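So that you can tell them apart, the chains are marked A, B, C, D and E in the order they are listed, and the count of residues begins at 1 in each.
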């Protein structure tokens, strides 16, 4: 990493930010002092896991930043209850760094800058053909790094779900009526894999959106979607590509199914690639000089290389980070624009 | 206890009589309150300075909401109807069920102490169960949608109206009740004719108040998938579309205002 | 006898009014019954519900009693702190609003406007307040305090207004006869009357705020709510069970104490 | 005929409110019960219609041993005995008419009892009762819009509608002004004489008691200290009932309220 | 000395409550004002300390024309006149002591007025006042835990603490039972005699008025129809005050309540 203490000294020192202040009275070449660095995570995985797993990140980050010339007194980590909470906090500058999905970044890009994109293990399936996902099961992670993931449309064990799955596996095309007659469990409309990309998929194939489906309900969480799929309340759900891997056990215990999730569910649609999670920083935070952003980029990339670091970011299935810029998310922007236009 | 630690002060009158003035508890209460406040302030990182320097941020979202997106109005009716239906049904059934439960919890009508205690505990337990939890469980049984909201609202209404109602019953003037008994009625009949007329206005007005609250509460129940207008709020918050949220709030405010006006009308009629 | 019969015929006939109201109520009821649906009730949904119940009654005792920052006890303490401070914030905000809304104190238009404002304040969902305050204070218990504070305003102000409108003004008359000025009448005639009612209402609201702590979870504002919602979302009902046990026991204790306190305040 | 034979009443908390009461009251008598506050006047009256259970002795009303009555029998028995209270005990939030109609409730079929819909015959009876006490014109007015005296008359009408043989009145004029008091007392007298209904009344106003009642019963500390026709009441007897001269009344009052 | 010279009082709604009142009441007198409900008794009393403004004539208290007083002067003037109400008008939610201390409030320096902290001297004065009416032991009890009679005595103590020259009492015993009534009346009498405080009292209980007062003023329809020493009051005079014989009282009572 590059060391630019001399330049960095000027801006953070007169910081009036309540959450953090860098007190370095003279522009000495010594390390920059940062009182507190706040990092917020979105609850896309089980927040409890996130909190315990990310605990070591505090020290890792302190140490890395120290080598970049920043002395951080305290790193605090919290998991927002909703994506919006993290987004608003970033846009108002009450948190400094947010690990947020691309979609959320795009929504709040008036107050947030993306600095990194996560890479993650590609899955053993990456085909756009749903039938191949059903042949080649279960889905496993691979060594390859990917900067995107896909959303899946999955049919469940109900009669209707089985009927749809069979059609796909026989190589038949699903008609709009097939889909329209099923019960769908989707996520709220700002969720990428749980709403936006499936909508784009429907749009592409049938020129219709999720809102045109007759029987759609919005689920509060993926877990609840799977529970309802198992119960037969839903015939079809939409989820991120490795979603089923997270509920393999629960499927048989809590949801009370006997056969395995891989046997009872079938992929009936695969969306386009969705850009991975970002590490974004708040534009309002007084800490965020260009130099500090650079230092953060370097620090996170370096941490992702260490053994300890790998374990930490594994909660989000991240395996590494690449520098990113706003324009990388133009596709997402267009998708959102499109969805918003549908909403009118 | 307190009086032992701080013995009462003696006041002697010129004519020799002595009065004991108990030390007031005000300083102790103040002390407890101040300590509790300081502890809580530390615990919650409360800071007036932050509040005053950053309060402008509070109005960012308000500012956007203050420009409601009127074009969204037509999309709202269905959800509003759902919300009204589920709050209405939950409130009506809940209020109806609350009546017998409240009677059974009133120590002045029911002689058996056990019955009264059991029903009071049931009401307390019901009240302390968060509606979010009951609503979510209900969604698993009844599926996502307003039906689950109805159940959650029903349970909440029973507990809320039930509690206020039994308090009213216990505070009712027992004179007429006694008179009814002297006329040869049994306790239930005496309740019907002596206490019902006294608590009826209060009962109806708490029920209406609860209904109004439930309409607002339905906005939150949408979060666990209980349908209605809450779902739209959640969606639009997700889209960061505060002007639409503002529109939804406007519609809710108008609805709540209408309900309040109507209930005020009936309250006046009754009292 | 004719007199008696005359009176009988003179009896006010509001049958039509009662009939209309009944018809409207029944119609509303039938209409609202349209939301009833049992289509999703089947064996497996009942089984899931059963599993939930099983989880709830086999609470995670470890979570309940350990002493880390994740434990139920710690989170409950945080919840109490949030609810307590939030109630105070709410009370401070409510007092001026209540006086402005009391029709026996300020002119009609002022009280009407204030009442409208109060409706708006209590209609905006807690979730939205949560987001607003996260912009002020970041995702922290502080935001929870502010959210609880503002959501308490609706009810507190309403009950305060009731107390103000019920003031016993006869006392003021006797103070006039002693020769007291307006200020003295407020200080010695009104304040003592209001103080205990206000405190009693405030304690009641504190009790309710504890119950609403679960909603706070939705807005990321600290306390026990968020872990409970997380646990619900990821289907760990035994954790929900242990959290609920803690919460319910605490609420019952608080209710008991607050009932005692309120009774003493009001009855003396 | 009401017979007290060695009646005793001890409250659950140990207060001995009545002891060794022996009285016979014939049908149609107008009896005033006087005595200090806490002497046991209310208790005496309330034992007659079993609002309180006696704890010793025997109490017969028309040869029926009141203590032996059970459940429904008590209720049927009470229908024959009207009761008037100091605080009227009306349901203030409804009309005068409804308050009077209530006295028919125990005779109604179940659905009428719950819905509160009364027959025309009952309505006429209620109006007649109101007519008797002279407030027919107020029939459809809410009780809380009436003056105290009018309210007491509603209570009287409610009792009359019950068609009782005996009326028990517990300080019926205590909260009325002197003019209204007299009107109500006149009503009692009229009812007593014209309809031959026994009236047993607790009353604090000695002058009024002496003016209206046929017979005075003086109670002191739970015992009958005087029982005789009104014209036999002398200053001394009053002194005995109320405990000597006024200073003593005062102290005995305080002693009494202290032992409560 | 209180002088009414042709005093008139017409309420804003046109009701003529008092007309052509001419009275002189000397310091130390015990005057009872009697009359029907609505006759104007309360109005008469309330004009004396300017709770109501008179609309005609002149009212002097100790040679001061009451109508001419303004703002602060009125308040200072009222401090000399104690007033007792039928419904006691106490702050029920605080202690007896605080209720009595209120009477010193207008004399306090500003900071004490705000904080409600009283000097020891004032506290002792308040306790002495309580002692005079015999409820010293209740000093630190909340008012709502007292009986009606005790509450009235608190009101009396509050007035005494004010150290007034005149006490106006508007039906002070109307809500008390007869024994307590007499105790309160005794208190009034004692205060009147021992401290030479004038007492002007509205009262419904004619017998009690006759027993305690030195002088009776009878009011009817806003006019003084009798004014003289108690021993000059006859049945006929009472009849005139209350409107003839009893039947007439009844009808006039109703006529009166009708015109109210």
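For the reader, a short list of remarks on this structure follows.
Going forward, a residue touches a chain if its C-beta (ideal position, glycine included) is under 8 Å from a C-beta of that chain, and two chains touch if they have at least 3 such contacts.
As the structure is a prediction and not an experimental result, all values here were calculated from the model.
The highest number of C-beta contact pairs joins the chains B-C. As a whole-number value, the distance joining the C-alpha centres of chain A and chain D reads 81 Å. Annotation: 46 Å between the Cα-based centres of chain C and chain D.
Distance from the chain D centre to the chain E centre is 34 Å, each centre being the mean of its Cα atoms.
Within chain A, residues 82, 84, 88, 92, 94, 220, 224, 227, 231, 233 each touch two or more of the remaining chains. For chain D, no residue reaches two or more other chains under the stated contact definition.
Within chain B, residues 47, 50, 54, 57, 60-61, 136, 140, 143-145, 223-224, 234, 237 each touch two or more of the remaining chains. Pairs of chains meeting the touch criterion: A-B, A-C, B-C, B-D, B-E, C-D, C-E, D-E. Note for the complex: chain E touches chain D at residues 36-37, 174, 177-179, 182-183, 204-207, 242, 246, 249-250, 253, 257. On chain D, the positions that touch chain B within their shared complex are 49, 51, 74-79, 81-83, 85, 87-94, 98, 102-103, 105-106, 113-114, 116, 155, 158, 162. Across the complex, chain E is touched by residues 11, 13-15, 17, 19, 21-22 of chain B.
The touching residues of chain A, when paired with chain B in their complex, are 18, 82-84, 87-88, 92, 94, 107-108, 185, 188-191, 217-220, 224, 227-228, 231, 233, 340, 343-344.
In the complex of the two chains, the chain B residues touching chain C come out as 36-37, 39-41, 43-47, 50-51, 54-55, 57-58, 60-62, 65, 82, 84-86, 88-89, 92, 124-125, 127-130, 132-133, 136-137, 140-147, 150, 216, 219-220, 223-224, 230, 233-234, 237, 245, 249, 252-253, 256-257, 260.
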